[in-house]
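Same chain, two partners: chain A is paired with chain B first, then with chain C.
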Partner chain A sequence: MGDEVREADGEKRVEAPTNQDNLIMEQQRQIEEEISEAIPLVGVKEDLLCALEKEYAADPIYTMKAKDLSSKYSSIRRMRPDGNCFFRAFAYAYFERLLTNKDEYKSFYDIVSKSKDDLIELGFPQFTLEDFYDTFMEVVERIGGGEMAQDELYELFNVTGQSNYIVVYLRLITSGKLQRDADFYLNFIDGNRTMTAFCHQEVEPMFKESDHIHIIALSAALNVGVRVRYMDRGDSAQVIAHDFPEGTTPAVHLLYRPGHYDILYEH
Partner chain B sequence: MDQYQGKYNTKSTSVKRLMREATELQEATEDYSAHPLDENLFEWHFTIRGPPDSDFAEGVYHGRILLPAEYPMKPPNIILLTPNGRFEVNKKICLSISGHHPETWQPSWSIRTALLALIAFMPTPGIGTIGSLDFTPEERKKLAAKSQSYVCPECGKITDELATGVSKPATEEEKSLIDCVAFKAEEVQEPNNSGETEGETTVPEDTSLPSLRQRASALHSPLETAGANVLDGASTSVNSGNFQAPAHTANISILDQHRSLIIMIVVMAIGLLVLRRLILI
Partner chain C sequence: MPQGASRPASKGTHAGYAGHPPNHPNHAPSRAPTMEQVTAMLARVGPFGSTPPSPAAPAASPSSAPGNPGSSGTSSAGAGAVALATSSRPSGQDALRWERRLQKELMAFVTDPPPGLSIDADVTSQNLQDWTVELQGAEGTLYEGEHFQLNFKFNSKYPFDAPQVMFIGNHIPVHPHIYSNGHICLSILTEDWSPAHSVQSVCLSIMSMLSSCKDKKRPVDNSLYVKTCNKNPKKTKWWYHDDTV
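Moving on to the complex of A and B:
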């Protein structure tokens, strides 16, 4: 009986010509929503070895790599895998550092406070740009004011609106850098797209995942070194590190696993 | 903006942003105007003038803008209320970048960008996109002339909504954005819709209801039409409206409720007539 029903169902599905793309998109949307409900935008600091060994208990290659990673890093902070994880991880890790690093704060403040005019000059719509800039600077100023504590930053980054505004502004800074130095960055993008088109499609929209080119441009624009640790199925027992821009001292350490970034903390 | 103070959390980035946009758009221009409803900052009404040198040149079109709670991270939805021959009325349409990159709304766009894009998009061919209508130029011109007399229950006579002599044309940057924007209706299909159509919803019976037929005939997507044909073999292609029934948005489920209510009333009326007949004879 049960089988019959299932068969009938199957038949009908074949008959009804539904648009597969739409179904896939709909399903993807549902999955994204489930993820977003389950994982906070920014997670709590977890013990690295403990967290990763639990995750990869049945996976010898990853367990080996987790051990290697734990020799250099003590903790991990997970990000919501919503396509914004690189930008959010970058902002959180760097702002956290700025809470205690006054000298670096000053030079960062100078760079970002100038960024708005640079972006307007490049032709970004002033009206909305100011909206993002104001919210971004509000947070930056609170960090510099010395009144903000770790847990306040954590709370702030888990308020969806504000957290996303910071991501948007970093995306705009990235887009600005890519367009300003388009001659250089065009070498890294596929196809016959113009840099402006690339930015409209891959950088400025929310929830679009980041690639190397985003990381290079953002770290160069803000003069913040980023070290990314790549954890994948490769043979090497070590977790390979890559610094952006090359040769700089990293201020932010991120763990990359295919399609996703989390924050790492050194011993 | 005072009416929203206290009612909304002014720390919310969406609220701040919408209040900012409301201030920016306070002054109507000759091409567009938009304002939030007094009781709801997340619903706006807008009026646009049809683009010059098009079938819509004589037209003034009114509609609603529904802002998602996540705005501006998610795009606004636009609903046209004035019949225009290009978009279905009373149906959500949303912006996306045309071509291979749909769904890429950018937070740095605004309601103004959306309206400028909508005006620019009107003369483009509908070619069967969901929510699009391909009326003839004559029909569109007729509707354009008629649109001038449209009165919105909320806003009044819509021709008064636009200013004369105040123009804020798109900047170069906005133009390049607008060029790649497309509008389409929200998808209403769900994987399990075939089951639902045959299930409790008694939609196939209601082709005789004029109001439903009207809505159904407005759908031009060949895909949806085909789908409806398979599910509802006896009916004509006009019946593609059936596909609207299984929907995931709250709006449409309300529509569903209304529909079953209408059906119930009609069935009851028929029943009463039959009963009366029996008793009278």
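Moving on to the complex of A and C:
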């Protein structure tokens, strides 16, 4: 407790029993562990109305919105709320689509196979970049090889290291897009950070949450339309949709509830 | 040559609380690896920049089971015949991912060491979770002619978890962002860490932090911090407020 206060007011105090810090770190670790035991990185497909009505039984606004959503979508797939949910949801939903969509696979493959050289050209460290690129492409190639089934994809995304390698590579692609088109994207960020600083602090590190700017950049970089349904406390009966980039046909549908993204499946 | 090198270290600075000064033990003097050692490492890791070992790769050595990463079990082999696991796939491949990554990093470091940096490949490959990098103050800077030792500790969540990085030994650089106990205030070591960083990019960030220094002095809160901090610098709640040095 004492240490949290210290963090909050930002002052250094002399009395500082070492073990308290360790205890807090330990406790944080345990909480993270509990979350990871309780919620898989990628969940199973659930009936949308069923899942949301249960969750919001005592909440008329959300129940109304769940009904509206269920007129368009049949199922939901929950993601672990670890700050990577947008990237993981995007990758999972799109890879799932590519399992059966050969034409789209080809153009996606062409885009991502060029991405490594683009990023190196932008000054990304080649050594680590290759590590992530290789793992990412290994998965992409397995999808295109027609040898991967739905449940394999599901298993693969629930293996922490492999799943996170995919997330990292999408973060790097996003960062690359933001830096390449910095003149445009700078309009969307607050303060007077440079785009490079923004990417180092908000895009590349794991577990940092995504905002509109991440979604716009990633969907533009990979030419994959994303429709996000916003479910919040607002009093409209409809769950508002935003398409990224604007005007594209969505290939991936996500549900946003404050601070978190899950995957949606259309009827 | 990894260009990443040149990504600037972000801000540095001071502040924090709690703990003891670190007491770092052992560490061996650095020497250049022999060609045989490099070849052996290359063989273990596979072609640089290639895809990870194929399913046909040799199975993992029993002495470095996933549950027992970097333990003393691997260090029993004599020099030149270092026992390192080649991760086998698919089983256990995920648990050994950090190890494969560190092997690749070590190999890259040894075959093409960045200017002013060196590492004892033999000692390091016996315990991949603990590296000591020798660092030489760059010519034309305030640290010219000085030698330092930078210690890295990795856990099995590397590269998703940042390594613990600090100066060790008798000679700690005098710098506004480096405490006399070896702790370094550098944002990429905590909240701005990203898996795209590496030992090499961290070393180069620290080199550039040293090279840009114009006034050799300790952080203003050095004596307080050193008395009260945790021995693990990652457990310090750093305040990054100054990126001019």
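One rule holds in what follows: the second predicted complex is superposed on the first by the 234 of 267 C-alpha atoms of A that agree within 3 Å, B and C clash if a C-alpha of one lies under 4 Å from a C-alpha of the other, contacts with A are read in each partner's own complex, and residues count from 1 in each chain.
Note that in this section a contact is a pair of C-beta atoms (placed from the backbone, for glycine too) under 8 Å apart; a residue touches a chain by one contact, two chains touch by 3 or more.
Because the structure is a prediction, the values reported are computed rather than measured.
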Partner chain in contact with A:201 - chain B first, chain C second, else both or neither: both
Touched partner set for A:138, first chain B, second chain C, both or neither: second
Chain B versus chain C as contact partner of A:127, first or second or both or neither: both
Touched partner set for A:212, first chain B, second chain C, both or neither: neither
Partner chain(s) touched by A:106 [first = chain B, second = chain C, both, neither]: neither
Contacts of A:20 with chain B and chain C, given as first, second, both or neither: second
Shared contact residues on chain A - chain B and chain C: 12-13, 16-18, 22, 25, 123-125, 127-129, 131-132, 135, 160-162, 164-165, 168, 172, 200-201, 204-206
Residues on chain B engaged by chain A in the complex (per definition of touch): 12-14, 16-17, 20, 24, 70, 72-73, 97, 101, 103-110, 112-113, 171-174, 176-177, 180, 187, 189-191, 193-195, 223, 226-227, 230-231, 248
Chain C to chain A touching residues, read off their complex: 1-7, 10, 15-20, 49-52, 94-95, 97-98, 101, 104-105, 108, 159-160, 187-188, 191-198, 200-201, 221, 224-225, 227-228, 230-231, 235, 237, 239
Residue ranges of chain A in contact with chain C within the complex: 3, 6-7, 10, 12-14, 16-18, 20-22, 25, 120, 123-132, 134-135, 138, 159-162, 164-165, 168, 171-172, 197, 200-201, 204-206
Touching residues on chain A, where the partner in the complex is chain B: 9, 12-13, 15-19, 22-23, 25-27, 123-125, 127-129, 131-132, 135, 160-162, 164-165, 168, 172, 196, 200-201, 204-206, 208
